[in-house]
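Two complexes are shown next, each including subunit A; its partner changes from subunit B in the first to subunit C in the second.
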Partner chain A sequence: MIKSINKAGLDRLWERLAAAGPLYLPVKEGPAVLFRPWAEGAAAALDVTQATVSPKEIFFPRDETYLKFRREGEKLALAESGTPAGPAIAFGLRSCDLRAVELLDLVFRGQEPADALYGRRRENTMLVALACGQPDPSCFCGAFGINPADAPGADVMAWWDGDVLVMEARTARGEALFAAAGELLQESAAGSKPLAPATAEFGLPLEDLPERLKSRFYDPAWDRLYRGCLACGGCTYFCPTCHCFDVQDYGSQERGERFRCWDSCMFGRFTLMAGGHNPRPTQKERVRNRFLHKLQYFPENFGRFACVGCGRCLRSCPVNLDIVQAIRALGGETVEQR
Partner chain B sequence: MAEHHISAAAKIRAAVAQDLLSGRISLLLGWEKGHFQWQSRPLFARDGADLERLAWDSFCAVNLSRYLPEELKENEKVGVLVKGCDSRALNRLVQDRAVPRERVVAYGLPCPGMLDAGRLVEAAGGWPDEIAEANGRVVLKGGGRESEVHRDSLLLDKCRHCLYPDPVACDQLLLAPVGNREAPDRFKAVEEREQLSAGERYAYWEKELQRCLRCYACRQICPACSCRECFVEQEQPRWLGKAYDASETFLFHLIRAYHVAGRCIDCGECERSCPVGIPLQELNRKLIKDLNALYGPYEAGLDPEREPPLLTYAPNDPAAFTEK
Partner chain C sequence: MNSVNPLVPQKVTLLEIAAETPEIKTLRVAGEGGAPFDFRPGQCAMLSLPPVGEALFSITSSPDCRDSLEFSIKEAGSVTRALHALSPGQELGLRGPYGNGFPVETLKGKDLLFIGGGIGLAPLRSLINYCLAHRAGYGHIDIVYGARSPADLIRRAEINKRWPAAPDTAVYLTVDAEFPEWSGHVGFVPSYVSELAFTPENRVAVTCGPPIMIKFVLKALEELKFTPDQVITTLEMRMKCGVGKCGRCNLGSKYVCKDGPVFTLAELKTLPAEY
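The block that comes next holds the complex of A and B.
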């Protein structure tokens, strides 16, 4: 089913859709764009190629309380903290974002035990993808077989036809969105569906890369690659596929909360163990781990690369240390051939 | 890139090659080109082949002095290219005893100010394919468009308020000085914020800080953040919770601002590094302004012999806390 809406009518659409639950949209905050629940007066930054921070935080928030505890005499009373169970809409995800959700699904839902917190948010959230008309020079999703103009897995696929936003419902849930929007949407023909725009190639040697990387663990190239890394956690936090978290308690002897929050393998203490041993003692091991996780370990575990070519690390790393560099430095010819 | 930049890079290469190849220094910290023309990233040059990649253009914003403490663990003597701000960072690190000055060879590069990729995109109406500079103007070409703009309009925020583009401390000046600058607007944003009520100010910072990812890039790149262990990481006691709570995020940024007060060289690397663009320099400049008012004008990192105001005591120091 295909419907459409004029750009001028979008504010009314947001208002209508947000009535039933949170409506996450890319919103400009300062120079950055983040997915935020729509609030009256908020302008959706649908023209921005990509949100600065990936929409993964809709399903995997920065922090999330899951348990509350309270001392009752000699006992500890536990209560599950309610993860929102109501419906939500994520509007304006790009094809790369959708692929990233697919990959996060493998981690959080594709194996036992399934992650209830992630699962609940994921199941309750309708995904509206927006075709990418003009990838920017840092975008290389094409290298991972992603079509910027079409996102499998979306409940609704949307694209611009001039000032008209055309939407195609692809699932029953997508059709429910049409029903909720009611008269705000017009019956529409598909018109000209956008063609897949070309993305940067960077000449990445991806074929058999996980296999080749197996012998590169001690490659001196890592030593050169990691040098500039500041050891901040930026890349892991705006990356759409990074998903590591920490579990922390907050509170007193009497009562408190247990929550999980984002954590980063770029931080020195990430692998610090009780007793003081740290298996990744320097930034070199940490940088190597992050890239091998994306390019070797994840493919070994799930048969997929854990990179979607969104280009966020190419755009936002303060010292321009990114995954394209890593693939080029480690993925090409062997040391002997160099 | 502009002609004078191409020749400048060659000049720099020639000047440092002798020291690097003769072994006077075993590592040179410089810049090399990234994937795009608007990216120049840190270069760790150990031989002639590495030096071939050395770049000096309008995108060498990364402060290299910050790498010195770590690299000096493995190298007896390190060479580093320093712009005005980087040279003050070097002074800062020396004053904090984080870097022994005699083990560093600083090559000075007077800096015309670095350009902001975001502003290039805005000016060009998209990502430019070609960026050319001449006579204080920048020509941007791409997507069938061509636009010409004032170089100053494309400067990074951190460079707009730069007072000392010429290195203030170096062993060798490699290019012609560009002269000190005036920055009359340096405290403008701070003054605007001062006009707000406490509640309005809180609301302003709450809004700005709510997007903080707590990635700590601001801390990691800061030449004044020289603690071996940050209070953020300490666990016994744990000063800072890891939840993305406004009070926790405030605590981090305010403690950091106070901790570098009087030592912040106003290089703006924290703000440039912030992936979500939080105007962190406003916090630091507020403290610079207050310290100047309380203890007299002081520019951190300018004179390595002059200790920061909060690290010294003078009998006539204002004592607002104890006066009734």
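The block that comes next holds the complex of A and C.
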């Protein structure tokens, strides 16, 4: 089913859809564009190629309390807590974002025990993908076979046709969105199709890369590659497929809560053991772990690269130490220079 | 409290806390119905004491003991310090069991050589007592165990009396240096293993202890012609989730919390030595 809406009508659409639960949209917040629940007066930044922080935070928030405790002498009361994850809509995800969700699903839902916190949000959130009209120069989703104009896994695929937003419902859930929007949507003129822009692949030597990397763990290239790294963690923070987290308690002896929050394998204390031993003692091992996780370990476990070519690490790293550099340094001959 | 969120602990009560050495205490905990879950020797569980936090420990009791679980814990950081300070009656959080555990099935019919150092006896003890409880399933059992000093040896009742008295079982104790109260063997565990010259025929060695000890034990076993698949060890890493998702305990593509902590030397040789 295909319907459409004129740009001018979108505010009313947001209002209607947000009535039933949070409607996550890319919105400007200071210098960043972030997926945030729509609120009256918010302007959706649907024209921005990518949200600064990936929409993974809709399903896997930066921090999340899941346990409350109370202690009275010997007695300890533990109660599950956290924000109820009711029906929600994520509107405006790009094809790379959708692929990243697919990859996170493998980790959080695809292996026992399933992660309930992620799973609940994921199950209850409708995914509306928006075709990408103008990839950023740092985007290289084409290298991973991603089509910016088509996002498998979306409940609704949307694209711009001039000032008209065309939407195709692809699942029953997507059709429910059409029903909720009611008369705000028009029957669409047949024949509109998202235009697939040219995508970059950067000529990366990805063929058999996981296999070839097996023999390069001790490669001297790592000694050069890691050097500039400031261990700021920016790359992992922005990456849509990074899923490391920390678990911490907060509170007094009497009461408090336990939460999990994003963590980063780029931080020195990430693997530091209580006795002082650190199996990844320098930034070299940490950088190596990050890239091998994306390019070898994840493929070994799940048969997929854990990179979607979104380019966020290219744009965010203060010292230009990104996954493209790593693939070039460790992947063998390059076909072309960027 | 059974939760669909695997990170949520259930409640257990500390029944007993006993000092093994100046640095190690054994905690015995139980839920309302006894041991809160079934497990295999070598598996681990996460003990939590809010607001200090959680930490993962190997379960040192045998799965055959169904009324409680035991953990031998060395003081190393804030969680272990807080655990050491507890008194019986205190309620705690617990979740698990985690990890693969020892391959009790493939060990069937084999002679077993246990090699432990210090707190490293804790995971071995679960398997040793399991094998002794299912004695007919396993061959001859040798236990080589050492520590820095006599005061650092744990589970004294077992290493001195119960195990040596068990059928077809030998215990070899050693300490690193001479002590006035010690009349037994003196020397490091790896050299004692070489000295005892165990033969590899139909035998599997299971070792756990400080990394430096393991390193030399592996060397000693290699010299005694044990093949890499005849040697089993357990690894320790920093852990948070216990279920292969928080991303911090990996060795290459394997997560120690989920795919370990028990590995054969043959498996370890295929993984980056990042432990």
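By our rule, the second predicted complex is superposed on the first by the 325 of 338 C-alpha atoms of A that agree within 3 Å, B and C clash if a C-alpha of one lies under 4 Å from a C-alpha of the other, contacts with A are read in each partner's own complex, and residues count from 1 in each chain.
The working rule: a residue touches a chain if its C-beta (ideal position, glycine included) is under 8 Å from a C-beta of that chain, and two chains touch if they have at least 3 such contacts.
Bear in mind the structure is a predicted one, so any value in this text is a computation, not a measurement.
Engineer: Taking subunit A as the common reference for superposition, should the pair subunit B and subunit C be classed as clashing or as fitting?
Structural biologist: With subunit A aligned, subunit B clears subunit C, so fit.
Engineer: Classify the contacts of A:124 with the two partner chains as first (subunit B alone), second (subunit C alone), both, or neither.
Structural biologist: Neither partner.
Engineer: Which partner chains sit in contact with A:53 here, subunit B, subunit C, both or neither? Use first/second/both/neither.
Structural biologist: The first partner, subunit B, only.
Engineer: Of the partners subunit B and subunit C, which touch A:248 in the superposed model: first, second, both, neither?
Structural biologist: Both partners, subunit B and subunit C.
Engineer: Now for A:171: first (subunit B), second (subunit C), both, or neither, which partner does it touch?
Structural biologist: neither
Engineer: So in the superposed three-chain picture, is A:316 touching just subunit B, just subunit C, both, or none of them (first/second/both/neither)?
Structural biologist: The answer is first: A:316 touches subunit B but not subunit C.
Engineer: Identify the partner contact of A:324: answer first if only subunit B is touched, second if only subunit C is, both if each is, neither if none is.
Structural biologist: first
Engineer: Touching A:188, do we find subunit B (first), subunit C (second), both, or neither?
Structural biologist: neither
Engineer: After the two structures are laid over each other on chain A, how near do the C-alpha atoms of subunit B and subunit C get, in Å?
Structural biologist: It is 8 Å, taken between the nearest C-alpha atoms.
Engineer: Intersection of subunit A residues contacting subunit B with those contacting subunit C?
Structural biologist: Comparing the two interfaces on subunit A, one with subunit B and one with subunit C, the shared residues are 246, 248, 250, 263.
Engineer: Touching residues of subunit B toward subunit A in the complex: what are they?
Structural biologist: Within the complex, subunit B touches subunit A at residues 34-36, 39-42, 44, 62, 66-67, 118, 126-127, 207-208, 210-211, 213-217, 219-221, 233, 241-245, 269, 272-273, 275-279.
Engineer: Could you list, by residue number, the parts of subunit A that touch subunit B in their complex?
Structural biologist: Touching subunit B from subunit A are residues 29-32, 34, 52-53, 62-63, 134, 136-138, 202, 224, 227-228, 230-234, 236-238, 246, 248, 250, 259, 261-264, 267-269, 314, 316, 318-322, 324-325.
Engineer: Please give the residue numbers of subunit C that touch subunit A in the complex, ascending.
Structural biologist: Against subunit A, the touching part of subunit C is residues 1, 3-11, 48, 50-55, 76-80, 89-93, 211, 236-238, 240-241, 243-250, 252-253, 272, 274-275.
Engineer: Which stretch or stretches of subunit A touch subunit C in the complex?
Structural biologist: 66-67, 69, 71, 74-76, 78, 80, 107-108, 111, 113-117, 217, 243-253, 256, 258, 260, 263, 265, 270-275, 277, 279-280, 285, 289, 292-293, 296-298, 300-301
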